[in-house]
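Chain nomenclature is as follows: A, B, C and D, assigned in order of appearance, with residue numbering initiated at 1 for each chain independently.
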Amino acid sequence: MSSALDVARKVLLEAAASAGGMVKVPSRSTRRLEGAREAMRAAVTERHGDLAARKRANALMDAYGALAVDEREPFFRALAEFDASREAIDRAIERVWQAPDREQRTAAERDLRFALEPARVRVLREFARQPGGVKFVVDMRAQLRALDARRDPDLAALDTDLKDLLATWFDVGLLEMHRVTWDAPASLLEKLAGYEAVHDVRGWIDLKDRLDRDRRCFAFFHPAMPDEPLIFVEVALVDSLAGNVQELLDPSSPVKENAQASTAIFFSISNCQEGLAGISLGNALIKRVVSKLNAELPNLRTFATLSPIPGFAAWLRSLDAAEAPTPLREMLAQKRWRHDPEVVAALREPLMRLCAHYLVESKRPDGTALDPVAHFHLSNGARVERINWLADTSQRGLRASSGIMVNYLYRLDHIDANQDAYATAGKIATSNEVADLLKRHKRGLAQAPPAAG
Amino acid sequence: MSSALDVARKVLLEAAASAGGMVKVPSRSTRRLEGAREAMRAAVTERHGDLAARKRANALMDAYGALAVDEREPFFRALAEFDASREAIDRAIERVWQAPDREQRTAAERDLRFALEPARVRVLREFARQPGGVKFVVDMRAQLRALDARRDPDLAALDTDLKDLLATWFDVGLLEMHRVTWDAPASLLEKLAGYEAVHDVRGWIDLKDRLDRDRRCFAFFHPAMPDEPLIFVEVALVDSLAGNVQELLDPSSPVKENAQASTAIFFSISNCQEGLAGISLGNALIKRVVSKLNAELPNLRTFATLSPIPGFAAWLRSLDAAEAPTPLREMLAQKRWRHDPEVVAALREPLMRLCAHYLVESKRPDGTALDPVAHFHLSNGARVERINWLADTSQRGLRASSGIMVNYLYRLDHIDANQDAYATAGKIATSNEVADLLKRHKRGLAQAPPAAG
Amino acid sequence: MSSALDVARKVLLEAAASAGGMVKVPSRSTRRLEGAREAMRAAVTERHGDLAARKRANALMDAYGALAVDEREPFFRALAEFDASREAIDRAIERVWQAPDREQRTAAERDLRFALEPARVRVLREFARQPGGVKFVVDMRAQLRALDARRDPDLAALDTDLKDLLATWFDVGLLEMHRVTWDAPASLLEKLAGYEAVHDVRGWIDLKDRLDRDRRCFAFFHPAMPDEPLIFVEVALVDSLAGNVQELLDPSSPVKENAQASTAIFFSISNCQEGLAGISLGNALIKRVVSKLNAELPNLRTFATLSPIPGFAAWLRSLDAAEAPTPLREMLAQKRWRHDPEVVAALREPLMRLCAHYLVESKRPDGTALDPVAHFHLSNGARVERINWLADTSQRGLRASSGIMVNYLYRLDHIDANQDAYATAGKIATSNEVADLLKRHKRGLAQAPPAAG
Amino acid sequence: MSSALDVARKVLLEAAASAGGMVKVPSRSTRRLEGAREAMRAAVTERHGDLAARKRANALMDAYGALAVDEREPFFRALAEFDASREAIDRAIERVWQAPDREQRTAAERDLRFALEPARVRVLREFARQPGGVKFVVDMRAQLRALDARRDPDLAALDTDLKDLLATWFDVGLLEMHRVTWDAPASLLEKLAGYEAVHDVRGWIDLKDRLDRDRRCFAFFHPAMPDEPLIFVEVALVDSLAGNVQELLDPSSPVKENAQASTAIFFSISNCQEGLAGISLGNALIKRVVSKLNAELPNLRTFATLSPIPGFAAWLRSLDAAEAPTPLREMLAQKRWRHDPEVVAALREPLMRLCAHYLVESKRPDGTALDPVAHFHLSNGARVERINWLADTSQRGLRASSGIMVNYLYRLDHIDANQDAYATAGKIATSNEVADLLKRHKRGLAQAPPAAG
């Protein structure tokens, strides 16, 4: 173990020890930790001022920063050991139960809440108080997740603590939304280009085009890390429901006047901070952008996405011959099918039907949509509006969804009802057009001859 | 009941109801709430999207804003009713105890923590997400406290929730410290002058003087309410330990060059937001200011306060004749004693001794210093450095502490030890000078004749 | 002579000498300058780089800054000596006349223009290149004017050079107009309050009231001295043509909603920099403010001033008995006339008539209005709209104009015609109401009995 | 002629006419202008207010903006016609000569100066007062120069007026210097990359590298066009006098710590505004950057450039065989000479000698250095420090100067003397190393056999 890790462990033990009277759960100890543990036992009996706490937090952060990548796991394991004290919890529960009146019961419940907080959380909170500390914690969680934390109960517990803590700091009420234009710092734009997860930025000209007058880009920022975008969305202001992303992103297409635009197409939404995984920011961002555009450009009548369908191709491959006829699979397996007009014509209807079926009727066991992007927009209250053939003919688009893309429609007056129906009953709202595709799909299945082995 | 209150109650009930499956504890219901409760029961069975939640929060905030002052208490009582669900807590405890392994135990503990959170907290959190919402919650707590909330268990529970919530939002790591100068917005300076709690600002000339080159003023701000100072400290850069506040604040005294200053005197520290009462910001502010000044002005060697002693006079009056001889009390009772040089000379030594005794040896039952300002600085790690005779001859100063003030000294290398000793053993650090006063006080008591009835 | 002045002179001589081959006109030399002149003669033959020029400018600025007030005049006189070279001018004129074609004539004319520029102007221009140099030159001119420069041809010539130079730097195209609100830096507001020349600011509450929601304050700034306002105007947004300044400035009057305001009253316009005297900024400021308010508040229909009449009382005193009857003069001479309702009633009509006559028909020899404020607004294209009785009952108002004030009206569609008529023919536009007063005044004079000695 | 041009001409004529009583010189009229001239004659007799002047300026600017490229010349010619009035000039000269005393002479000289100003200058000045007007005038001059204005006396006169006017607005004292970093707006960096005139920016990675921690980039800005850089310089912070620009610009080379850097290399200085041609900003920029770096990084001891020698290759080709031996020319004529080590070795010494001779001893008729970059740095006070072999092996570098580059050294304590010696006597300062090259060059010439025909 490197000396950086030694220092980290030592400081960590002291830090956690002094943070409160918790009893460490030494589940997965190693011999190398024994010395540290002695130090800890001594430390538990002492009390420390806040200057010391600060110094310790800084030392620990420096030590962590000096770790090699493969030394991070032992560090996280050491941190994970500093759990809540089981005895303290049991004592607190006892007091809750024996509380003679509401007043004491309320106080006892509050104490129990504090007793349930793992000791390590106090260390994490101290990190955040140091300069650059909030970003440090966000990055630390990203690095924890890179270790595939969820496979291991200890690391998973630490990850959950980090997530809960970050969720309170990154509550939407504490975030700032800013529009990003070509006048933004180059350093920020460089980050955005790197974070773009949906349609790769192919260079600065492409990026500039995405920030043009008929485009909008909005991002959430946290005041404690003002140079770091958290999530951003790219919007195109157009004349009608866009059905092809290459056209949308073509820098040579003429810039339209915003005043005429009737439709805002959200064509890309990307999370920037792996350390904030699982903390939902996209829903709030979309809705704030909708209100903002609504106020700024009163001509806008339609707010919709042009979205990828990342799970479609994989799902298609998983079907049996009864569900996806062999000739269709064979056509799709041709390398350059999309350059053969006959094949394209033959595939169009059956694939569109299957896609509608995939989006609307393929569910996870918990009743939510199988496709992750679909699930995101449906739980925000959107409906499945239109399925677009040959809408993304990039390699990525062809591979993931045979080039099909989908528009999700956000209608302000339907959002709540859709959200509610989806959340409670797994009901997915669709346009008539998509409903028709589904009907044709069902009829088609009914009429289909048994698949020939 | 006003219609604003009716609306508030209705929205509140729906809001709380939809926020989760809690069971309301209808402790102090009134007949007027029955209708609202019916509405709530209906609402509990529904689910709501986040647009609805936002609309509800805004409606509730508007309704609250429209309440007359005497309608606030019913509003707070209604809010206070939305407690944690006792059954949910019991179920969660059950699961904690029956957890077969550490993994499930951890998950169950986390569930219990959520179950312990009162339903009303979710409503408060939704407030903070609206524009201006953080300030709204801070002000709401200030108004709750104006009702003397702590006398009543329900309101006290609500106050505790607000405090816990605000404590996470106003964690020192999320605050920004800014220097305030005469170039700051007039609107901000006007607020500071209003919040100054220690030495009244006597107008703009006085204020400008406090922001002069040989003065420093630093304040904490929260990014979500950037125009509102949270707490600020005023510092004078001088040549030696200042012992008289009128001299310090005299605008006609010449401005010194900072480069020569050896001593930074913290002569005023004021909290600005009643809604943040009990959330400790002063300690962090003092220490950040000390580091900042240390870095900026390397000539500074001494960091100390010139502090009032708000509880001294009252404590003195509570003494019996054995502790505070009658002649002394009689002299003090003279209206204009401080203009009679003989009386002043006669009072000096005994009052200084008594004051040392009050500051260092008069304790609360929990072992902390009786004087609140003393307790604040001692728990930050300062020591009692010097007691100053006729140091504040303003009416306020004479009334509160017979004109005596005290310097608390912050020595960076002693702060942690002092803080620790005070926190664990109630031990209060003093200078030799103050220790001498204490000795003379004890000897004096020992020699004193029995007080004549 | 102080050593600061010696240094100044020496540097100045070198500076001017090296700035070009001019021949100094040693008109008003003194013996003490002889040594300096020798130095100069040596310097004329040398050439200097720009680092030296910079060093010299800085040395000279430091030397000037160190001068006592009564040493400034010799400094200015020394500077004034560095004139244009008469020989160089004559040579250049010769070349203009002998130019064989247009091309050479154009070049020769340009050379003549440069030859006509006094050598001292190059020194002044070098000042402006130093940090803080623009402000230095502005202040220097203010200090020159404080010496009553115009009485003396040498100083007057220097003043003219400074004015011409400052006029190019402070061209309206290079200025920035900013709105000033209560959120502006206190240091800026303090300056504004000090510069207010029309209605004294009576403290911070008065100042805050003037920056309230139903008020506007706009100022011009120069980018090279961003903390210094150049000129500012205060505007009240009201319901009708305001006729009383005390009502307008009463902080206890309710704040109106801007959306309803029909009328913008410019009630104060103050120049801030004595060093910019004679450089017209007010006209441009008023017109930019009118456009800005017009765009921001489309309900505004009337833009007018409520202006003092600073010369009326003095003019009145200068009249003979035929023009201003003795009883009237006697009434006005009573100390507290305005508290005697009978006197007030008796004075009203004759004073209003006389005032109309003063404003509209009393002219300077060049045909412009006698009253300086009237001249300012009339040459901007305003018309005399309404004369207001007891409109300013402050001491200043009663003394300067017997409490009368006047509204000048700015109508966008008449401004150019008014401006043109006034500039070319001295014609002053008036409302019907004012025209009526003038008629009554003439009729009154016609009917008046010969004044009794 | 387009209608935009018609409008332009009409407005222009009115504008110029009303701007003063000048007599137009209708030198190069065309029939098409006759109508416009009638309009002008009418206009001359009228007077106009400033709102009209503003309206006219805006109309004229709009009209100019609408012109096709080939319509600009007639527009400029129309503008050029509005000259100073020859009669007014002669009258003013008369008054200068007849002035009875100094006071009247001074006034008459000032009047003459104004009479000498062409009428068109007043139109240009009015442009600058409109929003965006300063940039408009800068761009207009750039477009005038694109017509090769200097070939034609009328256009050249207009160009000179524009230059004189812009020189007063863009006086160094009115400019702001800002450091440009990777945090600057992308839109600004995009402009910089486009303006880079010395070493092409090869994309954003290259640009980012030039703004790295061990680089500095500073630019001048004018407050009236804050988004437009005027001139910028790129500096590398290194350990020793850099002699190879490809190494300097290699993004893969490690970033050095500034604190260690001993040498600042100015490797690129680029003017951004063609409209400011002939207005010297580079000298002031270099000197301000030197002071700024000196203050910020006290370790810096050497300030030097690594400069191209744009005229060397052309000059070399102009030499006869006596001066540049035929074998040498033949070697250079080989396409890939620089990849043949023998040729490279054979060329090194003679080319370096010739280059020293070119830089130091090849002069224009006026005694200044032949090479334009040399002239720029020498007139700023630098000296020729080192000639570097194979220092720029880009195509451009090989073509322009056979890959040779030169360091000019800026020594603060020598700058003024160098500048003076160069300006007065054409004397060029060199290092010993360069002086040696020159000596060897002379000796070589002396020993050379007569060139074989």
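Just so it is clear, a contact is a pair of C-beta atoms (placed from the backbone, for glycine too) under 8 Å apart; a residue touches a chain by one contact, two chains touch by 3 or more.
No experiment lies behind these values; they were computed from the predicted model shown.
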item	value
Each chain counted as touching subunit A and subunit D at once	none
Distance-maximising chain from subunit C - centres being C-alpha averages	A
Gap in Å, rounded to a whole number, between the CA centres of subunit D and subunit C	39
Averaged-CA centre spacing for the pair subunit D and subunit B, given as whole angstrom	63
Centre-to-centre distance between subunit C and subunit B (centres being mean Cα positions), rounded to whole Å	53
Pairwise touch network: line, ring, star, complete, or other	ring
Touching residues on subunit B, where the partner in the complex is subunit A	25, 27, 46-52, 83-84, 89, 93, 96, 101-103, 106, 109-110, 112-113, 116-117, 125, 128-130, 133-134, 153, 156-157, 160, 164, 168-169, 171-174, 176, 223-224, 283-284, 287, 381, 412, 415-420, 423-424
In the complex with subunit B, residue positions of subunit C that touch it	182-190, 203-204, 207-208
